[in-house]
Every structure is written in structure tokens, then in C-alpha cells.
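Next up, some structures in C-alpha cells.
Two complexes, one shared chain (subunit A), two partners (subunit B, subunit C).
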Partner chain A sequence: MYGNAYIDPNDKAAMMTAGEDPQKLAEFEARIARGEKIEPKDWMPKEYRKQLVRMIEQHGHSEIIGALPEGTWITRAPGFKRKLALMAKVQDEVGHAQLLYSAAETLGKSREAMINDLITGKSKYSNVFNYPAYTWADACIIAWLIDAGAIINQVANAKGSYGPYCRALDRICTEESFHLKYGHDNVVTLATGTPKQRELVQAALTRWWPPIMHFFGPSDKISNHTEILMKWKVKMATNDDMRQQFLNMYVPKIWDLGLVIPDPNLKKNDEGKWEYTEPDWEEFKRVINGGGPCNAERLAVRRNAEERGRWVREALNTADAKYIVPLA
Partner chain B sequence: MIKSLDPRVNRAAIAEENTIEPLKDLDQWETYEVFHQKRRGDQHMHVGIVHAPNAEMALIFGKEQFGRRGLSVNIWVVKTRDVFTTDYEDSDIFETVPEKQYREAGGYKVMDKINKFKKGL
Partner chain C sequence: MNTEAIKELLYKMADDLLIIGHRNSEWTGLGPILEEDISFSSMAQDKIGQAQALYVLLNDLGEQEPDTVAFTRNANQFHNAQLLELPNGEYDFSLMRHFLYDHADQLRFETLANSSYEPLAKVARKVKGELKYHVFHANTWVVKLGSANEESHAKMQNALNYAWNYALGMFEPSAHEDILVAENVFIGEESLQERWLANITPILMKAGLSIPTSDTWNPVFGGRKGMHTEHLAPLVEEMSEVFRYDPTAEW
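Right after this comes the complex of A and B.
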């Protein structure tokens, strides 16, 4: 046995920094500990780069795909003002994808490679967007509660260590505040409206509650792996902490409207923690691996858009174009 | 065909198994760095990038991406490959030393002398 040359493949923490220059790694970690940001051309551990690309890219894909269930209702949103507002929101989401793809690009993955990985199903995106928006009320619940969940995640990540991602998130969070207000306004309108409107919004909440509980991901035990990602400020809060924060902020607002959350076990315990029925994580896995009601449609629509727009992009391209990794 | 709740998707008549050729390099064009000015009198600030086939399109995308909300009066774009930068590794070129106080406003303290002079010391 050649002792120190061997890295135990089960030791995830050691695997994450295997082969890295210890001095550079120490300087890198000290910089993050001082609260400084990492910029694109700085030295960084391979695993830091890999995890960030995966995370930012997935976030970008979620914005693009998330525009689809909401877009379903643009033509049928009740009234001209709501059509305009929904169009503005959907445009924002697509703009967010552009900002996020740009941040991921600074780490060395081209936009073409990211789009290819999305449309072949290799990259994931937020699982909630594999469910359909059956009624106008579904679009309202998405705009309020899914965006609320996203804001909790994005505000946390905006304090992370990678400069370009933080800058993109700051910009995104500003726009999300409009989405949240818009969504809340729509849900309140339905919930304080006619019995038929209340029935619609209650049905949508009942449908969307399980995906909302799935939104932050499965419970993450504090493993060595998570510990390093948190030390590197790639991951800023555990999935459970974010879920607790969401429940704390939004359950009272939902109950205020007299709506029923379909979980008889949901309550705040004496320690101030929310107790709930554990979501069905088998269903989550099944949907994320392609088995959801809309996975096939989402990717087919995306491929269709890329394919039908291709001739325009090609016609505009010039022979002297040259790709350089963006600066920041 | 994909059967969707979204009438727009149904109108697009999309085949379920619509495999496509992967995007080639530069399909999304090269990048431009965008500089944005909020109001007259402010500096232009670097705000990010857009992918565009030419400068005119970069201005259109830049306006859409960075001038959609809040205040804006002007945008500049420049090809990423035309920007020259220093390296963060060379950040020490900006370091200074305490002896260079002579070029700082704080390096000049006259009140002590004036007060002494006034007291006729």
C-alpha cells in the first residue's frame, strides 16, 4: 500500500480536493473566509468550478423552462392588464436565463453546450416545471408561491462566493419582487372573489402543494460534501432550512386567505419549527428522471424553438465571429 | 404531435420525437460587453454581456436585457475580444505604501501650525 497516494472513493470530502495544490487551495479558502468574491480567471478547485457550472446552468434552464407553464396562460389571462403583466413576467424569466447562462459561461462552458445538454435531457431543471398549469389559478399560484420559493433560494445564493453569479442574482432578485407582488395580487383577487373563484384557487393550491414542498429538494444531511460546499460558499443554506424559511413566511399568508393547505400534519411546533408530512420523494425522483406529466412536452417545445430559429441565427452570423469567454 | 394545454403549442404542431442536430459553436454568436448609463451625468457602468451577431443587434439586446426596468438614458457595447484587461494575479501592481502620503489629501495637516501661530507661540 502506498499510503497517501490513495484516496478513498467513499471519502467525498477528500475526493473533492484531490490533486489540488494545497497552497493555492488554502489561499482560495482564505479569500472566501474573508468574504471576498472569486472572479472568473482566479484559480479555483476543479470541484468548485464543476459544482458552480452545474448549479448556475440548471438555474438558467429552470428560468427558460419555467416560462412555458406560465406562458400557457398569456393568451387567456383574464383582462388586458393581466395579459400585459404576465408577458412582462415571462420576458423577465427568459432574461434571467440569459444572465445566468452568461455567469456560467465565465466558468468555461459555452452557451451552445448548455443548450445542447438541456435539449438532450442531460441537464436538469427545476422539477416543478414538469407539471401543467391547468387553470388560470395555477398560473397565479406559480407566480406567487414558486417565485417566493425561488426568491428564498436566490437571496441566499446572492451572498455566495462567485462574483458573476452574485451579480446576476442581485439583478434577478430586484425583478422577482415584482413577480411576487403580481402573483400575490392575483391569488388574493381569486381568494376574495366569488365562490367559483375561491374554488379555482383552492384546487390550484391543492395541486401545487406537493411540487412546492419538493421545490427545495430532499432533506440534506450535513455530509462532508455539503460542508465543503458551504465552506466554499457554493451552497448557502441547507434544503431543509430554506423549506422552513418558506413555510414560516408563506403558510400564515395562505391561511390568512382562508385557503386549506392539503397537509393535516402541517403545524409550527413549540420550538418554532414547522412540522409537515414528508413529501413523496419517490414521485420527485420519478418526475426528475423524465416521468412527469410535462417532461416530454417541455423539451420538445424547446427543441422546436431552437430548430425553427436556427436559420435566422445562421443567416446573421458572420465569418469573422470569434468566441471569447466573457469577462465577468 | 404534442397535445398541450397551451393553444400556442398545439398550433405549432410539434412532433413528439423531434430530435435535432446539436447546436454548433458560435450558433449563439460571440459576446459583447454592455455598459449602461442610468442618467445624464452618471458614469457608464459595466452591467454584463449579450450574445449578438453584430453591434446593432448587441445594442437592441442590451437595451432589452439591461434597460428594461428603472432608469436608462444610454448604452454602449463593445466586443468582448476587444477589451484588454489586467490579471487579478497581478493585483499587487495597485498596492501602495504609507510613505506616499504626500499624494493624499490626508497627508497635509496645517491646523496644528495655524493654532500654534495664532497663540503666538
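Right after this comes the complex of A and C.
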């Protein structure tokens, strides 16, 4: 009897567990329901592995690509205090990429393969980094509000089911909370500073607000597919919930500084929910698919760094046998 | 104690550190492997922090605030050796410069730990502990890349050849040096260079790299007197761009 094996390929939920041993799957799901962590050598559905690799890898890519817009301001940071702090912050981000790639490697994809997929454009990274940091104030807004958004996302994911990712996220979140303080301190300094500084920071906020609203992604379509990912604790919160949480925590702080958020419809309604102008999701899609102001540049910089560093990596891979300079 | 002589010593050391720290930080996000990205950033942070500590000593001697000194001078007011302002180029040159400079710096701070000028001796005792790791990093990589394969060997040898006369320029004698030596503040550049050569020679040999023959030695001096390559002015301009945007502001 082969008939029962047929699964409608349009039934995404069924496709996710197609071919899995039902008993093992049930045990796996029961473990997750009990709050246990899944470890690298444990049994897991193929789709669970695939989704996690995709997610952790994208997160790792976002860290190294995210180092670029902020990194360009290290050499221009005004004063010792800011220069030292920004260097340490961006270094943390690169360190996060290292942690995340290691976590993803436990699922069977090598760092090299992940970086190749990044520079060929096969795998994605956070869309916000496809926008430029025009001024010092842009770098400050990124450090405060983009890191704030990232923390909301990562604190949620740290309660997920995959052990290595959760442990990496715990450490990342601790460091990110310092970044948030750093970013906030910078924005407060500019917003309470001279007229020129206020002008800089307001312009940066106006520029970055649409990418910030895009940050958590469009409203999730409630599908069986999403339900399974939530049951497996791969996805921990809906995009809208995270966006609401962000607005609730940060809009009052932004307003407190006397800064203007460029959305006349932004307000908290009687039910305590934030209302806002629907972000331009066509723009979001266009940027994700390569049409943003910096997509090409970011990947070109990364590709160039990989190419220039190839000889170093090749040299590292040589055995300890020494290269002897020919005498004649 | 001759204040002018001490200031001269502090300025050249602080400017060396600030400029190399700045150059090292340019590797952020662009290293050949993530671990090296992170290493260069760590060293950059140490260097900038060490520079700041020396500018604080200068401030105690009546010079302006560290931020003002670092972020508002023009290129011709910097006293760093030209080696440190050269662009990063490829990883081979950056690594070789790091090796040549950090060996000299480690010796400088080790000897200054016993300086008769106690404020500097105190800073030196802290800094030399940090430099131990910088030198360890440089040695490990120079030996590995110098001897790994034909390509990496050739690149490292070329980098050494290119950097060499600039590295000798680190030991440019200064006007007040006799006083510093007589007062046991500092052992002097000539003595430092001898010890530096003795330290780097066995490591370069282990890496299979050859120091250029001494008849080709031609130290690139001038940096200590404010004479620089065309690469320093754009660096300084970039470094102070935001600071100068509104000089009345707190950043």
C-alpha cells in the first residue's frame, strides 16, 4: 500500500513532517512541550534543523553586515570615550557572528558554507543594514533603537528549544544590553546638546524610522506552518507582538527627548495597543530582494574582505610542516 | 626633571599609539577571519586606551585635555613614526607592522617601568602586561604565515622588506634624549633599537624570513619632528571630522 504516503505539496504543515518517524516526532514534541532543550546529537525533524540553520545563519550574517554601517564611524567617533566604546561595541557584534556561526555549525553547516551563501546572496541578513549610516547620529540611532529591536527579538528566541542557540543568545543579550545603554547615552547627549547636534539626531531618527518599523517583518500570516514552528519553539513571538512591545518600550522614551517620530498616526489606543501608519511593505520587499540603497555595497565589501583574506585562510590550513625556502 | 624632554617623549609615544590604534580599528568587519577581526579590534582598543593614559600625563604637565590634543591637532603637529600612519594595505603588511612596532613598544614600556619619572613608570607597569599579548599574537602569526606556504612566505617577506626602513624610523633620535638618559627617565632610542633587533631576529628566523641586509638600511626619519607621508593628513581629518563639526559641543 503506497497510497497513504501521498501528501499534498500545498499542505505546508504536512510537508514539514513528511517522512518523519511518528513516534520519534511525538517524543521530540513532548520534550519541547516539557521545556527541555534539544541538543546537537538529539533526534530532530529535518525541517526543524533546516529552519534553525536558516534562522541562526541569518542572525550571524546580520551581525557581520551590521558591523559595516557602524564600523565606518569608529574612525570618526568624536573623542576617546566614544571611540573606545564604539570599537568595543562593533567588536562585540563580530564576536556574536562567531558565536552564532558556531551554533549553526552544530546543525551541520560549516562557517565557510554559510559565508559563501552570504556573499553569493543566497542567504539573507537583517534588512535594516541595507540602509546607510549618513552621519554620526545615524550610528547612534542604530546603536540605540536597532539594538533595542534586536534585544526584543533575541530575548524571545533565547527561550526557544535549541540549546546551542539559546546559550549563544543568553550571552549575546547580556552584551546587547550594554549596547543599548551606549546607544541611549549617545542619543541623549545629542538630543540635549547644541542645536546642530539636535538637528543631526532628529534627521537620523526621521531617516531610520521606516527601517525600524520594518525591522520585525510584516504581520505573520497565521498558518499551520507558523503554528508548527511555534510549537517547536523555533519561532517564539509573532512579528506584530514584537513590534508592539518595541513601540511600547521606546516611543515614550523618544518623545521624552523631544524628538519627533515621523508618523502622524502613531498613538496608543484605548485598549493599550499602538496604532501606526502601515509601513510600506512593497519597499521592504524591494530592499530584501536587493533593491535597497546599500545591498550591493554591503555584499561587495564582504566579498572583497573574503577574497583579500583567502591567502591567510589557506595558509592556516596548511599542516605544520614548514615551507622551506628553496636555496637555489 | 626636564619637563620639555618628558613631554617630547610622551607625545611621540602617545601619538604612535593613537595612530596605530586607529589603523588597527580599520580592520573591524574586514578581517581575513572573524577571529582576526576581533583580535585587531582588541589591540586597537588597548592602543587607544594607552594613548589616552599618556595624554592624561601630558595634561598633568600643562598640555590641553586629551580629547583636544587628539582630535584637534593638524597632521604636522603629530609626532608618530611614519611606519604607523601608512595605510593598512593587505593583512601581510598590517601584521608585519604590528610585529615590528609591538616588539619595540613592549621594550619601551618594559624599560619605562623602571623610569625615574614615576607617573610614566606607573602607566608603563600596567601597559607592559597588555603588550605581552600583542607580542604573543604577532609572533604566532608571523611565524605561521612566514612559513606556511610559498605564497604566504613571499607576502610576508615583501611586507618585511617594505616596512623595514620605516620600522627603523621608530628609533629616530630626539633633541632632548641625552637629558632623559642622564636622568634615568628613558634608556634612549639607540639602546632600544639594539634590544629590539636582538628580540625580533630569532623570531623572524623561525618564520623563515630575512631581515634586509644592513647596507640597504635607510631609516625613514621625520615623523618625530612632524614630517609625515601624505597618508597622515586624511587620517587626522577623518578622525576629527565629527569632533570638529561642532567644537562647542559635548559628544
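One rule holds in what follows: the second predicted complex is superposed on the first by the 314 of 328 C-alpha atoms of A that agree within 3 Å, B and C clash if a C-alpha of one lies under 4 Å from a C-alpha of the other, contacts with A are read in each partner's own complex, and residues count from 1 in each chain.
The rule is simple: contacts are C-beta pairs under 8 Å (C-beta built on N, C-alpha and C of every residue); 3 or more make two chains touch, one makes a residue touch a chain.
Given the structure is predicted, the values throughout are model-derived calculations rather than measurements.
K.L.:
Which partner does A:V301 contact after superposing on A: first (subunit B), second (subunit C), both, neither?
P.N.:
Both: A:V301 reaches subunit B and subunit C.
K.L.:
Let me test your reading of the model: by the given contact rule, A:S110 touches which partner, first (subunit B), second (subunit C), both or neither?
P.N.:
In the superposed model, A:S110 contacts subunit B only, not subunit C.
K.L.:
Give one of first, second, both or neither to describe whether A:K196 is in contact with subunit B, with subunit C, with both, or with none.
P.N.:
In the superposed model, A:K196 contacts subunit C only, not subunit B.
K.L.:
With both complexes superposed on chain A, which partner does A:I119 reach: first (subunit B), second (subunit C), both or neither?
P.N.:
first
K.L.:
First (subunit B), second (subunit C), both or neither: which does A:M242 touch?
P.N.:
In the superposition, A:M242 contacts neither subunit B nor subunit C.
K.L.:
Is A:R313 in contact with subunit B, with subunit C, with both, or with neither (first, second, both, neither)?
P.N.:
A:R313: touches subunit B and subunit C.
K.L.:
I'd like to know which partner A:C166 touches here: subunit B for first, subunit C for second, both or neither.
P.N.:
A:C166: touches no partner chain.
K.L.:
Of the two partner chains, subunit B (first) and subunit C (second), which one does A:E39 touch, if any: first, second, both, or neither?
P.N.:
In the superposition, A:E39 contacts subunit B only.
K.L.:
Tell me which partner A:M87 touches in the superposition: subunit B (first), subunit C (second), both or neither.
P.N.:
The second partner, subunit C, only.
K.L.:
What part of subunit A is shared between its subunit B contacts and its subunit C contacts?
P.N.:
Looking at subunit A, the two contact sets intersect at 68, 71, 74-76, 91, 95, 98, 301, 310, 313-314, 316, 318, 322-325.
K.L.:
Over in the complex, which subunit C residues touch subunit A? Could you list them?
P.N.:
Touching subunit A from subunit C are residues 22, 25-26, 28-38, 41-42, 44-45, 48-49, 52, 66-67, 70-71, 90-91, 144-145, 147-153, 155, 208, 235, 238-239, 241-243, 245-246, 248-251.
K.L.:
For a test of understanding, state which residues of subunit A touch subunit C in their complex under the given definition.
P.N.:
64, 67-68, 71, 73-80, 82-84, 87-88, 90-91, 94-95, 97-98, 101, 136, 189, 193-194, 196-197, 301, 305, 308-316, 318, 322-325
K.L.:
Can you name the residues of subunit B that touch subunit A in the complex?
P.N.:
Contact set of subunit B toward subunit A: 2, 4-9, 12, 14-16, 18-20, 22-31, 33, 46-51, 53-54, 57, 64-65, 68-69, 80-81, 83, 85, 87-88.
K.L.:
What part of subunit A is in contact with subunit B in the complex they form?
P.N.:
Checking each residue of subunit A against subunit B gives 39, 41-42, 68, 71-72, 74-76, 91-92, 95, 98-99, 102, 105, 110-112, 115-116, 119-120, 132-134, 167-168, 171, 174-175, 296-297, 300-301, 303-304, 306-307, 310, 313-314, 316-318, 321-328.
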